[in-house]
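One chain, chain A, appears in both complexes that follow, with chain B as partner in the first and chain C in the second.
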Partner chain A sequence: MTMQTLEITPEIVQRHNLTLDEYGEIKKILGREPNVTELGIFSVMWSEHCSYKNSKRVLALLPKEGKRMLVKAGEENAGVVDIGDDLVVVFKIESHNHPSAVEPFQGAATGVGGILRDIFTMGARPILSMNSLRFGKLESPLTRRLFSGVVSGIGFYGNCIGVPTIGGEVYFDESYEGNPLVNALALGIAHRREIVKAKARGTGNPVFYVGAATGRDGMGGASFASKDLSEESEKDRPAVQVGDPFLEKLLLEAVLELLKSGCVVAIQDMGAAGLTCSTCETASRGGMGIEIDTAKVPQRETGMVPYEIMLSESQERMLVILEKGREAEAKRIFDKWDLHAEEIGFVTNDGLMRVKQNGAAVAEIPAKSLADDAPVYVREEREPGHLRKLQNFDPKSLGDPGDLNAALLKLLDSPSIASKEWVYEQYDHTVRTNTVVLPGSDASVIRLKGTKKYLAVSVDGNSTYCYLDPYEGGKIAVAESARNAACSGAEPLSITNCLNFGNPMKPEIFWQFRKCVEGMRDACLAFGTPVSGGNVSFYNESPKGAIDPTPTIGMVGLIEGCEPVTSFFKKEGDAVILLGETREELGGSEFLKVIFGVKAGLPPRLDLTQAKKLNDLLAALAKKGLLQSAHDCSEGGLAVALAESCILNKGMEMGVTIDTALELSPAGFLFGESQSRVVVSVDPKSLEEAARTVESFSYPYRVIGKVGGKELRVNDLIRVPVEVLAHTWRNAIRRRME
Partner chain B sequence: MRARIHVTLKKSVLDPQGKAVQQALSVLGFREVRDVRVGKYIELELEEGDKLKAEERLREMSERLLANLVIEEYALEMDEEE
Partner chain C sequence: MKFGVVVFPGSNCDHDCYHVLKHVLGQETEFVWHKDTGVEKFDCLVLPGGFSYGDYLRTGAIARFSPVMEAVVRHAEKGKLVIGICNGFQILLEAGLLPGAMLRNDSLHFVCKYVRVRVENSDTPFTGGVSRGEVLKIPVAHGEGNYYADARTLEDLNREKRVLLRYCDGKGRVTPEANPNGSCENIAGICSQERNVFGLMPHPERCSEKELGSEDGLKIFKSIIG
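This part shows the complex of A and B:
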C-alpha cells in the first residue's frame, strides 16, 4: 500500500495531533476523506505554532494600530515601523524553545537563522540580533550544558552571517529546568518603498524554490513545537535541523538584490511547516491559488515522498514568486550568489493549493482554509488555587536578613543579576561598527548611519512577577522595556513579543496567559507602543510542570536630537538623584529568591500614568543634555542599581556615597523592587536645572548622594569596596561555568 | 587495548562542511564527487584487557561525550594490544 492510498484511522489522526472534531472539519472543507499527505499538511497548518488556534482570541486584545505602524501584527512575517527620513524598522522576536531543549547548539543557531529570514524577506537588511534566554539553576550540569550550547549556537550563527548580537537578557530559575527558553529577536532597516509583502498575484507567474535542498530534517517541527516536552521527545530527535549561516548570508544578499530589481511578486521564508506554509500563506494572502510539483523540489536525500517534502523543515530555503518573463534576470542574480533555484510551479486563480508529484495530483486543498480557517478555541480558564495564599505571604515574616553587605554581594553573585560578560563575549557585538552602547546597559543602542538617529532596543520580562500576578507582571514587562529604552534617551515606539507559557489546555495556564496579555495591552495603550508582531509558544512543560509564565517583550525606541545616555557613573562629584518613589515592596523580589529561597508575596504595583510620565521626563532630561547616566531599578532594587552604576564601566569603576532619610525597613529600602524608579547622575552645575525639569513634570525625586571614592556606601547600611562588587558581579557566571 | 571511533552526522542531517568540501572539489575539477560527509576520527588507548567490558565503556564514552546522538552516530573498532 502506498502513502497516498493509506486509509486514515483515528490513530493516524491522533498521531498528527489533530482531534477527531478537527478531522471532521477537514472532511467538510474537502467534501471527502483527505489522503495522508493532505492530513499532514492540515496538521502542521492547524498546529498552534502556525494557526494560533488557542491564542488568537486573546491576542486580539493587543493594540496594533499607531501612526508609525505600516504593517500590522499578523499581516506579514514581521511588523514595520516608520522612523522618519524615509526609513522603516522591521523587527520581530520568535521562540525556538523546543528545538533548543533537544539540541541546544543547533536549536539556538537555527532560531537566529529563522528570525533573520523573517526580516530580510520583507526587504530589510538585518542590522542587529538580541535574545532572551531562560534556564534552570546554573548549579545543575544539564543547565550548564544547555546554557553553553545555546550561547555558542547563537554566537556561531550570528558571527558567521555578520549580524551583531548586541545584547539581551538571561535568567535562571528552577521553573525552566529541562525546558529552557530561547527567544531570538532580529531587527532590520529599509527605505520605505523597499518593503515587500508576501502576497501572491498574477495567474501564471512562476514559483521558484531557492536555497538549500530539502532533507528529512525537522519533519513536522511545527507540530513538534506544539507538544509537551517529555521522555518521548527523545524519540522525536530527527526533528532537529542543522543551520548553514554561510548559505543564509548568500540568501540574504541575493534576496535583497532580487527585491531591488523589481522582478519579485512575493517572497516567503520556509520556516515552520516549510514548503506547505510558504505556499498556502502567500496564496491565501493574495486570494490566489498555487500549483507545485514536488518532483521538481531539490532533494538532499533519496526516496523522499511528497508527504516528507511538504512537511520538511530544512533550513535556509525560500519560496520566490517572480513576474512572468523576468526569470532570466532573476536567474542571473541567483547564479551570482551561487544559489540553486528551481522553478517548481505557478500561481493559479482557483484558490487551491495543488501539489503534484510528476504531474499526478497528491493534494488539493483550498489555500485559505489552510492558512486562515483553522478552528479557533476559547479555552477554559481558572485562577490557580494557591495564588491568593502566595500573594498574601508577608516578606516580613522571614525575619532579619542578617548582614546587608553580604546580602548585596550574594545578589550580585546570583547568575540572574550577575554580569553576562561570559555570554556576550562569545558574540560579535560590534561587526558593522554601528553599535554604540554595548551589551550590559539597560538598552543596547545602535546608530543609523547617514542620519543623526539611534535605535535603542531592549528585551525584558520578569516571569516571577507574572507567576505571582500575571496581570501586573504583563504590565511591568512592557513598562520595564519602555523604561530601559527611555533610560538611554529614546522615545519607545513599538513592541514585539514572545509569549512563553505552559499547556493552554490547563485552565490555570490559560488564565495566566489571558491575564498577562491584558496587562500588556493596558501598558501598550498607556505608552502608545503598539504590538508589531511576535509569536506564542505554548506547551513549555517538563515532567516537573509548566514554566513560570514568561512574556518576553522586545521594545524599539528612537533616539533623536540627543546623544544616547548610558547606565554607569561618569565623574567624581556628580550628584545622584533617585527618580520615583520607593515603597515597602519585597514581594516577588530577587532578594527573597536569593537570600531566603522564597518565591512568594505580592509583586510591586505599577502605576501606568506615573510610568508614562517617567519616560517623558527621561526624554526631556536627555534632550537637554542633563543626564550623565541613567539606570533603572529592577531586580535587586536600589542597592543593585547603584552597585551596577558603579561597576558597569569596566576599568573605570567608581564609588558613590548615598545619604538619605530612611522611611522603610532597611531591606525594603535597599532591595525592594518598587517600579518606575531610575538612578540618574548629573553634573553639580546642572543640578538645579535638572531639579526644575523634574518638578515641571511633578515627578517624585530625591537627591540622594554623590559619585566618588572607592566604595559603595549607603547610609550606615552598606559599605563595600567597588573592587569587591566588580569582582563578585563579573565572575559569578564564569566561575560556575569553568 | 586500542580503540578507534568514527563519529559521523546521521544520514538525514545536513552537513554544511561536507557540502563545502564537495563544492570545492567540484571547482578543482573533481566533478564525479556526488556527496561528501565529513566526520571525526578518535583514537583511544585503554587500560582494559577484557574486550566486552572495554566495548561497554567505549559505548558509554561515545554516547555521553564523543558523539552527539541527537545529530550524530558512531562506529567502534578495537584492537588487542600486540
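This part shows the complex of A and C:
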C-alpha cells in the first residue's frame, strides 16, 4: 500500500492534530475522503500557527486602521506603515519558541531568518533586527545552555546576513523554565511604490521555486508549534530546521534586484508549512488557483514523497510567480547570485491548489478553504481561581526590606535588570552604519540615510503584570513601548505584537489571552498606534505548567525635526526632573520578586489619558531641544532608573544627588513601579522653559535633584558610589555565564 | 582618487564603505563584482567586511579563489593600494598578501563594540595623517579576529614597523584587558613590506560620521586620499 492509498483512520487524523469534527469538515469541502497528503496539507494549514483558529475572534478586537497604515494586519506577510516622503516601514515580530526550546542555536537562528524573509519578500530592505527573549532562572544550567545557545544563534544569523541586531529585551523568570520565548522582530524600509504583494494573478504565469533544496528537516513544524512541550518533544528534534544565513543573504540581494526589474507577479517566503502555505496563500489572496508538480521541486534527500515535500520546512526557500515571457530576465538575476531556481508549476483560474507528482494528481483542494476557511473557535474562558487572592496580597505584610543600598545593588545584579552587554556584544549592532543610539537605551534608534528622519524601535512586555492582572498588563505593555519610543523623542506610530500564552484549551489561559488583548486594544486606541501585524504562540507549557502570559510589543516611532534623546546623564549641574506621580505601588514589582521572592500583589494602575499626555509632552520637550536625557521608570522603579541614568554611558559615568519630600514608604518611593514616570535631565539654563512646557500640559512633575559627583544619593536613603553601581550592573550576567 | 569596493557574495559592509568614500568624502567610488577582473582604473581597492561565501571552511578561504582576487594581487604587485577591513583582512591573509592567520576570538564569542587602537607607525599611505601614538576610537565586529603569527613573523613585522594598529586602553596603554579577541601582541592591523597593502580588523567606515559616535575612521581614509 502506498502513502496515497493509505486508509485514513481516526488515529491518523489524531496524529495530524485534527479533531474528528475538523475531519468531517474536510470531507465536506472535498466532497470525498482526503488522501493522506491532503490530510497533511489541511493539518498544517488548519494548525493554530497558520490559521489562528483559536485566536482569530479575539484578535479581531485589536485596532488595525490608521492614516499611516498602508497594508493592514493579516492582509500580507507584514504590515506597512507610511512615514512620509514616499518612504514606508515594513515590520513584524514572530515567535520561534518551540524550536528554540529543543535546539536553541538553530531554533533562534531560523527565527531570525524567517522574519527577515517576511520583510524582504515585500520589497523592503531589512535595516534592523531586535528580539525579546525569556528564560528560566539563570542559576539553572539548562537555562544557561538555552540562553547561550539562543544568543549565539541570533548572532550567527544576523551577523552573517549583515542586518544589525540593535537591541531588545531579556527577562528571566521561573515560569519560562524549559519553555523559553524567542520573539524576533525585523524592520525594513522601502519606497512606497516598491512594495509588492503576495497575490497570484494571470492564468499561465509560471511558478518558480528558488533557493535551498527541500529536505526532511522541519517536517510539520507548524503543527509541532501547536502542541505543548513535553519530554517527548526531544523526539521532535527533526522538526527544527537548520539555517544557512549566507544563502539567505544571496536570496535577499537577488529578490530585491528581481523586484526592481518588475518581472515578479507575487512572491512569498516558504516559512511555516513551507510549500503548502506559500502556494495556497498566494492563490487564495489573488482568487486564483495554482498547480505544481512535486517531482520538479529540488530535493536534497532521496525518496521523498509528495507528503514530505509539501510539509517540509527547510529554510531559505521562496516561491516566486513571474510574468510569463520574462523568465530569462529573472534567470539572469538568479544566476548572478548563484541561486538555484526551478519552474515547478503555473497559476490557474479554477481556485484549486493542485499538486501532482510526475503528472499524476496527488492533491486537489480549493486554495481558499485551506488559507481562509479553517474552523474558528470561541474557547471557554474562566478567571483563574487564585487570582483575587494574589492581587489582594499586601506588600507591606512582608515587613522591613532592610538595607536599601543593598536592595538596590541586588536589583542591579538581578539578570532581568542588569546590563545586557554580554548579549548585545555578540550581535553586530553597528553594520549598515545607521545605529545612532547603541543598545542599552530605552529605545534603539537608527537614522534613515538621506533624510532627516530617525526610527525609534522598542520591544516590551511585563509578564508578571500580565500574570497578576492581564488586562492592566496588556495595557502597560503597549504603554511602556510607546513611552520608550517617546523618551527618545519619537512619535509612536504602530505596533507589531507576539502573543505568547499557554494552552488555549484551558479556560484560565484563554481568559488571560482575551484580557491581555483587551488591554492592548484600549492602549492602542488611546495612543493612536494601530496593530500592523504579528503572531500568536500558544501551547507554551512545559511539564511544570504554563508560562506567564507574555504579550510582546514591538513599537515603531518616528523622530523628525529633532535629534534623538538618550537615557544617560550628560553633564554635571543639570537639573533632574521626575515627570509623573509616584504612588505606593509595589505589587508585581521586581523589588518583591528579587528581594522577597514574591510574585504577588496588584500591579500598578495605568491611566491611559495621562500616559498619552506624557508621550506628547516628551515629544514637545524633545522638539524644543530641552532634554539632555530622558529615561523611563520601569522594573526596579525610580531608584533603578536613576542608577541606570548614572551608569549607562560606559566610561562616562556620573553621579546624581536627589533631595525631595518623601510621602511614601521608602521602598515604595524607591522601588515602586508607578506608571507614566520618566526621569529627565535639563540644562539649568533651560529649567524654567522646561517647567513651563510641562505645566502647559498640566502634567505632574517635581524637580528632584542635580547631576554630579561620584555617588548616587537619594535623600538619606541611598548612597552608593557610581563605580559600584556600574560594576554590579555591568557584570551581573557575565559573571554568571563565564 | 578612484576607489573600487569589491563585492563578494556575502559581503555586507560593501555599502558602508561605499557610503563613506562616495558620500562623506566625495571620492569617485565604484563597486567591483567578484567575477570582474578589470580593476586597472582604480587607485585603491577596498575589500570590505562581511561573511564572503558564508565564511564556510575558514574565513576568507573561499573568497581568495574568486576571479577578482587575481586582479587584486596584480594591483598590489604594481604598488597600488589595497585595504582589507575585517573579512577583507581575513581574505588578504588567506591570499598571502599579508602574513599570519586568524583564529577564533579567545572568548569563543562574536564581539561587537567600540575599542581603542593606538597608531604605531604614521609613515604609511594609510596612517600618514595620524600621529604615531595617537589613540583612535573605532568599533570591531567579528568572531575570528584573533590574529596569530609565529614568533619569527612577529619579529619581522615589528622590526619592519609593519604593525600599524594595536588594541589599547583609553590612555594608549597596550594591555591584555584592552585586547578584545586574544590577538598576538594586541595586533589590530598590519601592512605589507611595501606598505601598500593594509589589513585591519576594526571598521573605520563605521566611525566616519559624528552622529555614529566617532569620526576617527576618517583619519585613515583621509590618509589614503592624502
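As a convention for this text, the second predicted complex is superposed on the first by the 738 of 738 C-alpha atoms of A that agree within 3 Å, B and C clash if a C-alpha of one lies under 4 Å from a C-alpha of the other, contacts with A are read in each partner's own complex, and residues count from 1 in each chain.
Please note the rule applied: contacts are C-beta pairs under 8 Å (C-beta built on N, C-alpha and C of every residue); 3 or more make two chains touch, one makes a residue touch a chain.
Please read all numbers here as calculations on a predicted model, not as lab measurements.
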Greater chain A contact set [chain C / chain B]: C
Which of chain B and chain C A:G651 touches, first, second, both or neither: second
Which of chain B and chain C A:H429 touches, first, second, both or neither: second
Chain B versus chain C as contact partner of A:S314, first or second or both or neither: first
Touching partner for A:W337 - first (chain B), second (chain C), both, neither: second
Partner chain in contact with A:F246 - chain B first, chain C second, else both or neither: both
First, second, both or neither for A:G155, with chain B first and chain C second: second
Which superposed partner A:N484 touches (first chain B, second chain C, both, neither): neither
Partner chain(s) touched by A:V102 [first = chain B, second = chain C, both, neither]: first
Touched partner set for A:D217, first chain B, second chain C, both or neither: first
Set intersection of chain A contacts, chain C complex versus chain B complex: 244, 246-247
List of chain B residues in touch with chain A within their complex: 9-16, 19-20, 68-71
List of chain C residues in touch with chain A within their complex: 9-10, 12-13, 15-16, 19-20, 49-51, 53-56, 109-113, 139, 141, 143, 170, 203, 205-206, 209, 211-213
Residues of chain A defined as touching chain B within the complex: 102-103, 106, 212, 215-217, 237-238, 240-244, 246-247, 300-301, 314-315
Footprint of chain C on chain A - complex, ascending: 152, 155-156, 159-162, 244-247, 249-250, 337-338, 424-433, 435-436, 438, 447, 449, 651
